[in-house]
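Both of the next two complexes hold subunit A, though its partner changes from subunit B to subunit C.
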Partner chain A sequence: MFRYVPLMLKNALRNRRRSTLTILSIAASLCLLGVMFALYRGLFLAPPKPGQELRLVARHKVSMTQPLPVSYEARIRQLPGVREAMVWQWFGGVYKDARDRRNFFARFCIEPDKLFRVRPELEMPDEQKRAFERLRTGAVASSDLAERMGWKIGERIFLTGDIYPVNPELTLVGIFKDPNTNETLFFSYFYLRELLGAGPRGDMVGTFQIQAENAEAVPRLAKAIDTMFENSTAPTKTETEQAFALQFVSFLGNIKLYLMIICAAVTFTILLVSANTMAMSVRERVREIGILKTLGYTPGAILFMILGEAGVIALMGGALGLLLASGMTAALRQGPTFVGAMRTLSITPDVGALSLALAFLIGVGSSLIPAWNAARTSILEALRDSG
Partner chain B sequence: MAIPLAYNLRNLTVRKTTTIMTALGIALTVSVLVAVLALVNGLRTAFETAANPLNILVMRKGANAELTGGLARSVFEDLKSKPGIARAADGHPLASLELVTVINLPSVQNPEGTNVTVRGLTEVGLELREHVKIAEGRWFRAGRREVVVGKSVAKRFPDAQIGRKLRFGKGEWDVVGAMDAGQSATNSEIFCDLNQMSGDFNRFDGLSSALVRVPDAVSVDALINSINDDQRLNATARTEQQYMDSQTNSAAPIQYLGVFVSIIMAVGSSFAAMNTMYAAVARRAKEVGTLRVLGFSRGSILTSFFFESLLLSLLGGVLGCLLVLPLNNVTTGLMTFSTFSEIAFNFRVGPEAMAIGVAFALVMGAIGGLFPARMAAKKEILVALRDI
Partner chain C sequence: MTETVIQTRDLTKEFIRDEFHVVALKDANLEVRKGEFVALMGPSGSGKSTLLHLIAAMDRPTDGEILVLGENLRSLSDRAIARWRNEHIGFVFQSFNLIPVLTAIENVELPLKLTALKKKERMEHAATALKLVGLGDRLGHLPRQLSGGQEQRVAIARAIVTDPDLILADEPTGNLDAQSAQEILTLLGRLNKEFGKTILLVTHDPHAARFASRIRHLEKGELLPEGQVPADYTVAPM
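Then we have the complex of A and B:
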């Protein structure tokens, strides 16, 4: 069979313009398919990020906008299997000017003495940790954020509250390293309470972050916490941090379905393009195929040659498409995003292999009918054809 | 002299398979674009029809969403007496204090629970929403634990039926009516009595927002400025329409995704169209030569092939629109970051979306047809005629 390979390659290159156009067309489609696969993988199949395996988030059963009593924290901490529990409150607010997207980054109110135990993947020098615990108006930023904003230790950061009617005036006392490259600013929940003054608002928080002692405890804890508060006025929903993060994605509607529809449309387009090319190419060569048959090529050999030609073209288009896709994912990683999965978007080997295999299958599958027809044509008929 | 269009039409029909395959490729690209436009269009309609141009929404300064609106009762008392607010026939100011929150109810699709917006309001609030009509049952009565559900809510939540009870806040609420709000997002809300609700959620002072009516379009800006400048109120006012427009932005990520996808697909389809047209030119070399001998100029050959490509893509564009048409009025849901609950709305495949889709197809056809047409026009008569 493999002695036909040179002939196959020659055939593929015979109408250069058509092959090039087909390859480019398949490349464009496959580039898209690659990005969609990568997106799907990043959103739904990615392994937990560093530090996420043991972390749970407890929120109000309805949504994180409904507050929970801060007193829950002490009760959660008593459960066996909990290493640490901490207030985790989205502050929101506005930094400088909300209309400029570059001023957008996550701002959370937390407990400074517990932050690095609940999030052990964060690294910060010890003296900065102590400074953060000492200074009530202190704040710490991830190195990615500090770098982008050009902040140095001692920087004054003024926020205007939108969810909370207060305006914290913070001083940057530490810069931590986050392996997940999130852009985050943390400041003390106790400072927020102080600003809010007496009243019910300060006693309510959005979510708690919980670090479990080991992986076995994670599912058990989620259930235990939810059962504990089941019949209270504020029932909870506790889930892994990864599952918690996915709900933001679900806000965009049924993303899984969208991605699948797009992939189906793209796949079908590749099928059409490839089938069309092979049909055109075979039509032009009817007489040639007749000659090959006269020379003794079996219908099987001819079938194999045409299928192979289609496969080669599809593979070349696929390879080019993947190259484009990896460029595109690199560009998307730089862009402003609010879904964490976009920061690590890339064409991983499994995504690449899947896309290439799909391209090859489509290429071969689409040329089945023209190839079959060509293989079946009788010699006389083929030779009579005028092209 | 121009070559008759019938020549191109016949050429397209003679090579049916190729024509259909190329057109289908273009059609798929167009349908992705039109579907996304229809989704965004539907969401926009849902929000736009919920707004009255004479209504002004007031929230605490800095708040951007009703859910975190945080308007205090005392502020509302001051606000209500501001000059410039329209009055009803019996003299009471058309100003409605409202509380908005989200509850979680088991739905048909999601027995675990889906979020729904609940709005507490008084009778004035209903007066300010002319687009909302009671479809079945009756309105809730002040001081009772009664709710009226939007028609999309009634459709999706088995418990939200007249005569049944919903559990939220501190206990059970009777469903006494279903409301029809046309195409608007209000269909995805539940209405109930403000004071009952503020009791249930311990929100006695910090409520959400106020909706006020101005008598005519001229006084809209005056009242907004007057509220924004009033230090005592510490509130922000905007027209209800502006607020709803900003809600439409929650579909922006999907819009970007859709446009990005369709542009890349269009690149692929353009190459495919180019391929088809090159093949058409190559096969018809003799014809081109004959046409030239008959006296048709290079220009008319160029135009003819270019038109053929446009025709091909037009077919694709129309096919693409037809493919999306069944989506029209299909209901879908979308969560928004400012409501934290799902808004149900219908896809709207409108004339604009289809026009954009067809135009998009024609661009693909033009790009795909230009170079092959030029090649056809450049052919020397003798060479073309000798070609087999």
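Then we have the complex of A and C:
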């Protein structure tokens, strides 16, 4: 079968302009497809980030915006398989001038004595940890954030509340290393409660983070926690942190569906482009197919050659497209990253192989009909063709 | 007694398309022996090409028997026929029918790709065939870089490269000037005499037919008995 390859290649490139245009349009489509696949993989199929394997998040069953009683924490901690449980409250607020994008970073209220047990991937010197536990108004920042803001230990950080009507006045007491390179500021939930004063507001929190003792306990705990509060006024939904994180992408709508629709549309485009090229290219060569048949080529050999030709064109377009896609993902990695998956976006070997295989299949599939017809045309009919 | 290469009995081919009904060949009985050079003549539309196509198994008869090289063509499958044609038949067309994107040697190599030969052997065979037709210095030329006569010689090289027993040529000189035509006919004559190839040549041209050892005439789909010519047949003076 390999002996047909040279003729296949020659045929693929005989109409230079048409082949080039086809290869370019397949490349453009495949570039898009590759980026989409990479995005899909990054969002839905990525392995858990460091520290995520054993971490669960419990929130209100109805919506993330509905709060849970802070008293749940003690009850969760009693469940077997829980290593630690802690309040995890988004503070939001404004730092300095909100119009400056540079001043945007995540701020959470947590429990200083539990933070490093619930998030063991974070590293900070022990004396800074103790300082954080001691100073009520203390705050800790990730090294990425501290570096970008030029903060040193002792830095005074003033936040203006928006969700909460309070203005925390914080002192930076620690800088921790985060392998996920997030830009985060943590301060004490107890300080927030104190600022809020007596009242129901302080007794309610957004979510709890739970560190399980082992992987086996993770699914069991998710179920146990939700069952425990099933019939209360504030039922919970508990899931892995990885699954929970995807909720923040859902402000883009049903991203999974969007990605699939785009991929389907792109695939269909390649199919049409390739089908059109192959139909034209076969049409022009009916007579040559008759000649080959006269020389003893079987319908099977003819079929193989035409399908192969389409496959070659699709693969060339695909390879070029993936090259473009790697460039594009590299550019996206540099750009503003509001979604974690963007920061590691790349054409991984599996994404590349999948895209190429898809391109090949589309190429071959799109030429099935012309190839089949050509293979079946009788010799004399084919030879009479003046094309 | 020499071997029979072609034997047809009451061979008939009808074309039926919608209300059209053409009897292209009617009850033809033809016998060609090994080593013969037979010319088939007749006016346009008399069924010459049709008969040649049936012998090459490029088409199937409506009726009658056809035995070529001992093979009953009516009983072979399409796949078997393709392989059989590759091994035993060399076909030369009026319009050369080379593949334009392939060089002379690549065109000649085409039928060998269906054999078990290695690339190197295929190239050697193809080069030998091209040398035989006098194109040893044109191996890498594309068809459009060759004259009509040279193109037809490449086509003949392609027809003989598999060392077939039977060469079928349908008006091979029809598109050529007198000089080139003469060369092609001389070449066919050589293939017949020196290499013992059995040749069936379809031609309009009485001059061309002189290269043959025997001439059979067709008229309106009927193969006339040996020695008989159509009523209005005249041989132009040379």
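Just so it is clear, the second predicted complex is superposed on the first by the 340 of 387 C-alpha atoms of A that agree within 3 Å, B and C clash if a C-alpha of one lies under 4 Å from a C-alpha of the other, contacts with A are read in each partner's own complex, and residues count from 1 in each chain.
Here is the rule we use: contacts are C-beta pairs under 8 Å (C-beta built on N, C-alpha and C of every residue); 3 or more make two chains touch, one makes a residue touch a chain.
Since we're looking at a predicted model, the values are computed, not measured.
Asks: Name the contact category of A:Ile379: first (subunit B only), second (subunit C only), both, or neither.
Replies: In the superposition, A:Ile379 touches subunit C alone.
Asks: Is A:Asn11 touching anything from subunit B or subunit C once the two structures are fitted on A? First, second, both or neither.
Replies: After superposing on A, A:Asn11 lies in contact with subunit C but is clear of subunit B.
Asks: Hey, is it subunit B or subunit C that touches more of subunit A?
Replies: B
Asks: On the A-aligned overlay, A:Pro165 touches which partner chain: subunit B = first, subunit C = second, or both, or neither?
Replies: Only subunit B is touched by A:Pro165; subunit C is not.
Asks: Once the shared chain is lined up, is A:Lys61 touching subunit B (first), subunit C (second), both, or neither of them?
Replies: first
Asks: For A:Asn103 in the superposed arrangement: first (subunit B), second (subunit C), both or neither?
Replies: Neither partner.
Asks: Spell out the residues on subunit A that touch subunit B in their complex, using ranges where they run on.
Replies: 17-18, 21-22, 24-29, 31-32, 36, 61-66, 92, 94, 160-163, 165, 200-201, 233, 250-253, 258, 262, 265-266, 268-270, 272-273, 275-277, 279-280, 386-387
Asks: Can you list the subunit B residues touching subunit A in their complex?
Replies: Interface residues on the subunit B side: 17-18, 21-22, 24-25, 28-29, 31-32, 60, 62-64, 67-68, 70, 101-104, 113, 115, 170, 202, 206, 250, 253-254, 257, 261, 264-265, 267-269, 271-272, 274-276, 278-279, 332-337, 340-341, 388.
Asks: Of all residues in subunit C, which touch subunit A in the complex?
Replies: The touching residues are 53, 56, 58-59, 78-79, 82-87, 91, 93, 97, 99, 101-102, 106, 110-111, 113-114, 119, 158.
Asks: For subunit A, which residues count as touching subunit C in their complex?
Replies: The contact residues of subunit A facing subunit C are 3-4, 6-7, 10-11, 14, 287-288, 291-301, 378-380, 383.
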